[in-house]
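Below, chain A partners chain B and then partners chain C, in two separate complexes.
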Partner chain A sequence: MVAYTILSGLLFGLYFSLMAIGLNLIFGVMRMVNLAHGDFIMLGAFAAFFAYTLWNMNPLVTMLVVFFLFIILGGALYYLVVPRLLRAHDPEMLSLILFFGLSQIIQALAVIAFGNNQRSIDYTALGSGTVYLFGQGFEESWVVVASVSLLAIILVSIYLYVTKLGVATRAVMSHREEAASAGISVHRVSAYAMGIGLALAAIAGVFSPFMIGSIDPTMGTDLTTTSFAIIIIGSLGNPIGTIVGGMIYGLSLMYMESYQPSWSSLVPYLLLFIILLLKPSGLLGRRMRNA
Partner chain B sequence: MRNKLKAGSVLLVTLLLFAVGTHIYSNENMWFQGMVYLALAQGINILYGFTGYLPFGYVGFFGTGAYAASLYMTDFHTQPIVAILGGGATALIVGLLLSPLLRLSGAYFSIGSLAASQMIYYTVSNPALQAVTNGPYGMNLEAFYNPTASYAVMLVILALTLFTTAYLRYSRTGLALRATREDAVSAAMAGIPVVRMRIMAWLLSALIAGLVGGTFAWHISVFYPNTVFDLNVSIFAIVFTLFGGGASLLGPIIGMFVLYGLYNWIGISAPQYFQLIYGVLIVMLVLFLPNGIMSLFRKKGYDVP
Partner chain C sequence: MSQALSTCGLSSGYGPLQILWDIDFVAKSAETLVLLGSNGAGKTTFLKTLVGLIRPLSGEITCLEKRVETWSADRRIRMGISYMSELGVVPSLSIAENLALGGYFQPNAARKTQLNAMYDRFPDLAARKRTLAGSLSGGQRKMLGIAKALMSKPAILLLDEPSAGLSPLYVTQMIELLRGLKEESVTMIIAEQNTKFLELADRVSVMENGRLSFQGNVEDLTQDDTLRHAYFGIH
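Moving on, here comes the complex of A and B:
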């Protein structure tokens, strides 16, 4: 039981890291709070649902399609709203309200388009077998999703630490004005970050029917707070810290579900609250925020 | 003197409208909820408009007040009015316990308050606490049901709330609060006790939400945890305030009448279209009119109460 709890916590932890990393990337680069994050996850989930039920498309293929679609969408969204927002008096606070409005729009459109019913995908779409890890049996789909999440996180790290655009992205994260004066096109870097951030949320959404359960148009709100809990536990503005946050969240969720199931929905909020009050900069945070 | 006259007439017209409203249009529930949202919007206004702290989890105080008042009525058989005061006091205590949240700023505060409200919700609605709060099965106050009295109490609470906002709009206290919003360091150097002022605004808004929640529970008499901890309650109150413009008495009133009117017109039959209009409105407001409708009049030189 203990081994199973820990291992499933780690598998889910990887998935939750993938779910939250996009939010952290966007916050790190733009200092903007994407309250519609969960709604982009929801859109990814519905993409997987319709691709599977209409064309019997494997979620792994859907993932690739969705990734490129949302990069374009994110870039467009960036140029549509962010430059205007940055000229305002208090961009961080206004971004919170703006993305909240966007979240309402997406939810409303999703209800109009998909209806209010809960949907689910046949969970065998990602493999129906049982995988044994250290003597414990796990659903094959969990292991597939965790592996893909790990791969995605490694690719994001390679992007940030090896590629030229990624290094520029980190430069913008650590000091926006200096990066701009060093000749980095801040808008271009930020548009890519927005695109990649939304695309990562959407591919996490593609897998959500296998990890979180049935999907509906209003599922985004809870997922946004969960993602927030994860990146705040890790540390805001540090995408790699997200992995720590995801793992801690996954482990504590699995622990509660095994031993105190009726209290498990309290976990993300409780963790978020405790971390915010005790160490607002997150477990891996370097500087205090202006709190 | 002119200021007092203007604020007083706004206050009087609004209250009169709610007092005689049911004779104009007989949907009492609509008028009652209008008062609930207006009082909550003014509560948000006191905190967000005057100090810049936007509490997404404001509904937590509303739900706390509703549950506390109901429990005082059903378990301790107190008079509804005493129970409502108790609900307000309970929300005040919860606000005091949560006041460390004010150490956070901007988005962190908003998210933190949301987390706090969800924590209260998941605790109250937990099946494990069914013996105390009746878990997810809600409360039943039918034995105390009295729509006329609860309507009158709500009107009194609304009057007190509007009066408080009017006071803050024109007093030195309100000016000091706004100074802490614009620049906390300069305000502190000018001798304003920044932390104490913020906590005062926070507790005041918590008390209002608690009283309103208790009265709401009494009026509706049967409710579930997801009725009184519905995030949409926070959202409505925030959008009403943003639409009209914070740090004014009239802003949230205009926001409430326009948007709640719109809601009653199309929102009940087709909530998703209403949500869409809401979302578009919020995005447009942030991009083009971040200080609300009232800022248009201020630009023209009118002093909006």
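Moving on, here comes the complex of A and C:
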């Protein structure tokens, strides 16, 4: 039981890391909390549902389509909203209100478009077998989703730490004005980050029917809270810290689901509370030397 | 000498707060111009407006014979301006990454060549390529800031308080480094409070309360009683 709990916690931890990493990327670059993050996960989930139901499209194919569509959507949303916000007196506060409003609009439109009913995808769409890891059997779909999540996280890390645009992205995260004074177009870098952040949220949404269960248009609110807890645990503004946050969240959730299932919904709030009390900068938060 | 950078009636500030008032300024090609002024005089705002980090409220900026006041910072930097802020580096990036950032617009081959040139010029940086800039001492950080600013092979280099936070030894090193750049005919505008930098100056401008109160050479400055008292502490 302990081995199963730990391994399933790690599998789900990878998925939760994928779910939250986009939120952290956007916060890191723009210093704005995208309160509609969970709603983009919901849109990805419905894209997977309709693609599978109408065209029998494999969710892995849907993931690729959704990824590119949401990069474009994110870039467009950035240029539509953020430059105006940045000209405001208190852009961070205003962004909270604006993205909350966007969340409500997306949910309302989704209810109109998809109805209020809960939907689910045949769980065998990502494989019907059982995969054995260290002697423990797991649903094939969990292992596929965890593997894709791991690959996505590795690709995000390569983007941030190896590519020229990624180094520019980290420069903007660290010191916006210093990056601009090196000739980096902060708006262009931020638009890419917004696009990639929303695309990562949407592909997490594609896999949510296999990891979270049935989907509905209002599921986004809880997912935003969960994602926010994960990035606070790792380190707000540090996308790689999200992996630590996701793992801790996954392990805690699986532990509670195994031993105290009725308490499991408290996990994100409890972890958020504990981390904010003990290490407000997150587990990977660090300071720079000043002298 | 042709004009490298000039302003005409330049006013600038942060949102509704006006900091600079009607600045007429000229820096000629290959000239080293020291901009003196106390804290809050508007030196940093002036440099940031020149490089495009702050949009001017009114007035003209001409750089390398082009009107640039409406241009974005990245466009101005691509045309040959480089700016070292008081911080100078991105603290969470390594030395190598900071240098790569400085040469962001260059083609890969040119960037590598320039990177090697910087490592030759600053061997201390070459020995610690993977070290985070935020963990460097103040002096090392300034050296990295200069190297980062030079990565784009600028025609015009704007330096904001290069001596801030440095020990006297590092200040001397910094002056020698800038003297080397002066010999390479880089146009430099150095915003400073430290009058030691006047030994580099072809001309001096003094900024007070967001206005240029003096422009001339060092000898003229020392003959002005008020300025001599303010900056050299002598009567």
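We take it that the second predicted complex is superposed on the first by the 286 of 291 C-alpha atoms of A that agree within 3 Å, B and C clash if a C-alpha of one lies under 4 Å from a C-alpha of the other, contacts with A are read in each partner's own complex, and residues count from 1 in each chain.
Everything that follows uses one rule, which is that a residue touches a chain if its C-beta (ideal position, glycine included) is under 8 Å from a C-beta of that chain, and two chains touch if they have at least 3 such contacts.
Here the structure is a predicted model, which is why all the values come from computation and not from measurement.
Participant: Is A:120 touching anything from chain B or chain C once the two structures are fitted on A? First, second, both or neither.
Facilitator: neither
Participant: For A:266, decide between first (touching chain B), second (touching chain C), both and neither.
Facilitator: The first partner, chain B, only.
Participant: Just to be sure I read the superposition right, which of the two partners does A:185 touch: chain B = first, chain C = second, or both, or neither?
Facilitator: A:185 sits against chain C, while chain B stays out of touch.
Participant: Who does A:103 touch here: chain B (first), chain C (second), both, or neither?
Facilitator: First partner only.
Participant: Comparing chain B against chain C, which has contacts with more of the residues in chain A?
Facilitator: Larger number of chain A residues touched: B.
Participant: If you stack the two complexes on chain A, which partner ends up touching A:177: first (chain B), second (chain C), both, or neither?
Facilitator: So A:177 only meets chain C here.
Participant: Could you say whether A:168 touches chain B, chain C, both of them, or neither, answering first, second, both or neither?
Facilitator: In the superposition, A:168 contacts chain C only.
Participant: Would you tell me the residues on chain A in contact with chain B in one complex that are also in contact with chain C in the other?
Facilitator: 89, 289, 291
Participant: Could you pull out which chain C residues touch chain A in their complex?
Facilitator: 15, 48, 51, 53, 72-74, 77-78, 83-85, 87-93, 97, 100-102, 104-105, 132, 134-138, 148, 152
Participant: Would you pull the chain A residues touching chain C in the complex into a rising list?
Facilitator: Interface residues on chain A, with respect to chain C: 89, 164, 167-168, 170-171, 173-175, 177-185, 288-289, 291.
Participant: Considering the complex alone, what residue numbers of chain A touch chain B?
Facilitator: Answer in residue numbers: 33, 81, 84-85, 88-90, 92-98, 100-109, 111-112, 221, 225, 228-229, 232, 262-263, 265-266, 268-270, 272-273, 276-277, 280, 289-291.
Participant: State the interface residues of chain B toward chain A in the complex, per the touch definition above.
Facilitator: 52, 54, 100-101, 103-108, 110-112, 114-116, 118-119, 122-123, 126-128, 231, 235, 238, 242, 272-276, 278-283, 285-287, 290
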